[in-house]
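Same chain, two partners: chain A is paired with chain B first, then with chain C.
Right after this comes the complex of A and B.
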């Protein structure tokens, strides 16, 4: 399935790989890159990336470790690539202007970014709906049960969701709304989640 | 076993909701076409009664029909009466201005006539006959508002150039750059300009820099042998 993805035509436009000097054009260019990144990540279900544009985590098992993905910032057909500087400008645009990404740890940007082709509120709603529909509101569930369990009615949209992102969704949305509680185990890890 | 049951339920659910949404879109289509007929039957009334017109426009918007499309459509049906003819020309002119504004950031204000026609055709809900000749005629009505829209022929292809109040028209040097772009599949370099027109570096730089500033050219620093290329953005949509 990895070969079916096609980049939009602008990905083959040579100047797309050079930071444009004209400010109006530059903002169009950064918007185009943002759209490309979002389409790419949604297609391969990539939820986080390194700052070089490689996959950090994906819900698709074979995407996470394979080199078979078409590279995002390199176009071998036209022999063009995006410089490291320009890559960080693009990510910064995606984070601050388009607001569809966030540093995994703002104090340590090197760790990479979450890409929100689905917002964390939407992720939270999917989780809540799943727990609600399967009649498990108020039950203590493990993180495993929320993203990996078989035969539990777990929808494909949630399968293999990156655990780091799952915890962020719980903490930033559901706990804040008072719809979830975390239960810690002896070692200070997350032993279970109760969604109410 | 339970898995198979789940599957059957999911399938049933999916087919039910598909059928439901099919029915809804059929109903919507029927309603829309009724609305179109209504507009062509009662055109005069809609025009003369402002309260009626207001309500009608509201209905159009809530079912996803742009009233401008309706005007275009009803006036394109009969070209016998001169008033309808002018309605068509004027509403098409409005459409052209809309498209030009929307695509300005990408193409810097220069669009192929062919592309303009296909964008207008794609974006209207109702099938409307639009040709390059129609467009040229509509543009003529805009000239009374100032010289913002102008048709150019570059390497045998027609382009529409539009500028806001200021900016003037395209210079001969700029036109020559587009000619080279046409031959080279979209780009130009200093060397190409020197070899073909004998321009010196200063002339190349001043023309190209101005075109970059106006958004007519994009810079590419990764050309063959490190040579900078300057691309015209209509490549993206062509």
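Right after this comes the complex of A and C.
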């Protein structure tokens, strides 16, 4: 299924790959790129990316490790690619204007970005609904259980979620709402959560 | 900070279950790893057989067998862990149930204490006494209900009589309903009054000529 993705037509439009001088056109151009990135990430269920547009984590196992994905910023058919400078301009637009992405670590942007084709509030709601529906509110769940375990009845939409993102969802939404509490594992990392 | 909602508390039991679950997760990971190794060794053994390296192939197969038995063992351990987790969780629920029973029991006890039989008897006695007192006072003042019992009885009797009479009258009315009458003719049947004056004959005069006794 990874090869079935087709970029929107505009991805084959050569001027899209050069930063446009006119401010209005540039803004439209950046919007187009943002849309392309969001579609791309949603299709391949990519939750985070490096700053040069390669996959950092995806819910699909074979997306993460293979090079089978069509490249995002390169279009060989028309012999065009986006320069590194322009790439960071696009990401910055996606983060600050469209607000559908965030630096994984704002102090160290090099680490990449989260792409929010599904907002963290929506992620939190999905997670909460799952825990609620399976009668597990108030019990302790390990992060392993919430991401990798095959027999925990996780819905497809949540399976194999990047742990880093999961922790962010827990911290930024559920804990702030007073609906979750984290448990540390022996090494001092976050190992589990209790959702009420 | 005071304005953040209070986080759910992590109890000692939560922690215990959490640790067990972590062990379980580690075992699961270990199983995954072993499965991967087994797959790899099967492939290596196949390669070796193809290349005629029988010793090597046997070595891989032996090692694979060992991994497989390890997996079976880990499965048992996993079962144990899951069982333990289940037992703890169930015990926690039982604890809650017992706590609920205790609470209910104490409330029931309290309520029962408030409703001792002799206490109720006493209250009813008191009530009766007070009522008698009220009656006495009204009697003393000549008020009561105004009439003695026999008088009341008479009133009832009269009332019944009246009621019966009324019933009879009603029944009569029912039977005396007017039978159907012919319709009133719509045309005037009376002859018109003659316009010329008629001299009135005096029948009394004729009568007067007749003998009084006939």
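The working rule: the second predicted complex is superposed on the first by the 196 of 196 C-alpha atoms of A that agree within 3 Å, B and C clash if a C-alpha of one lies under 4 Å from a C-alpha of the other, contacts with A are read in each partner's own complex, and residues count from 1 in each chain.
Basically, a residue touches a chain if its C-beta (ideal position, glycine included) is under 8 Å from a C-beta of that chain, and two chains touch if they have at least 3 such contacts.
If you're wondering where the values come from, they're calculated on a predicted model, not measured in any experiment.
Participant: In the superposed arrangement, which partner chain does A:192 touch: chain B (first), chain C (second), both, or neither?
Facilitator: Once the two structures are laid over each other on A, A:192 reaches chain C alone.
Participant: Using the superposition on chain A described above, determine whether A:10 touches chain B (first), chain C (second), both, or neither.
Facilitator: A:10: touches chain B, not chain C.
Participant: Look at A:25 in the shared chain and tell me whether it touches chain B only, chain C only, both, or neither; answer first, second, both or neither.
Facilitator: first
Participant: After superposition on the shared chain, which partner residues are touched by A:71: those of chain B (first), chain C (second), both, or neither?
Facilitator: So A:71 meets neither chain B nor chain C here.
Participant: Of the partners chain B and chain C, which touch A:79 in the superposed model: first, second, both, neither?
Facilitator: first
Participant: Which chain A residues are contacted by chain C in one complex and by chain B in the other?
Facilitator: none
Participant: Can you list the residues on chain B that touch chain A in the complex?
Facilitator: 2-3, 6, 105-106, 108, 187, 212-213, 215, 218-223, 229, 231, 233, 235-237
Participant: Could you list, by residue number, the parts of chain C that touch chain A in their complex?
Facilitator: Answer in residue numbers: 4-10, 14-15, 17-18, 21-22, 25, 28-29, 89.
Participant: Any idea which chain A residues touch chain B in the complex?
Facilitator: Residues 9-10, 13-18, 20-22, 24-25, 27-29, 79-81, 151, 153 of chain A touch chain B in their complex.
Participant: Once bound in the complex, which stretches of chain A touch chain C?
Facilitator: Within the complex, chain A contacts chain C at residues 138-142, 144-145, 149, 175-181, 183, 185-186, 191-192, 194-196.
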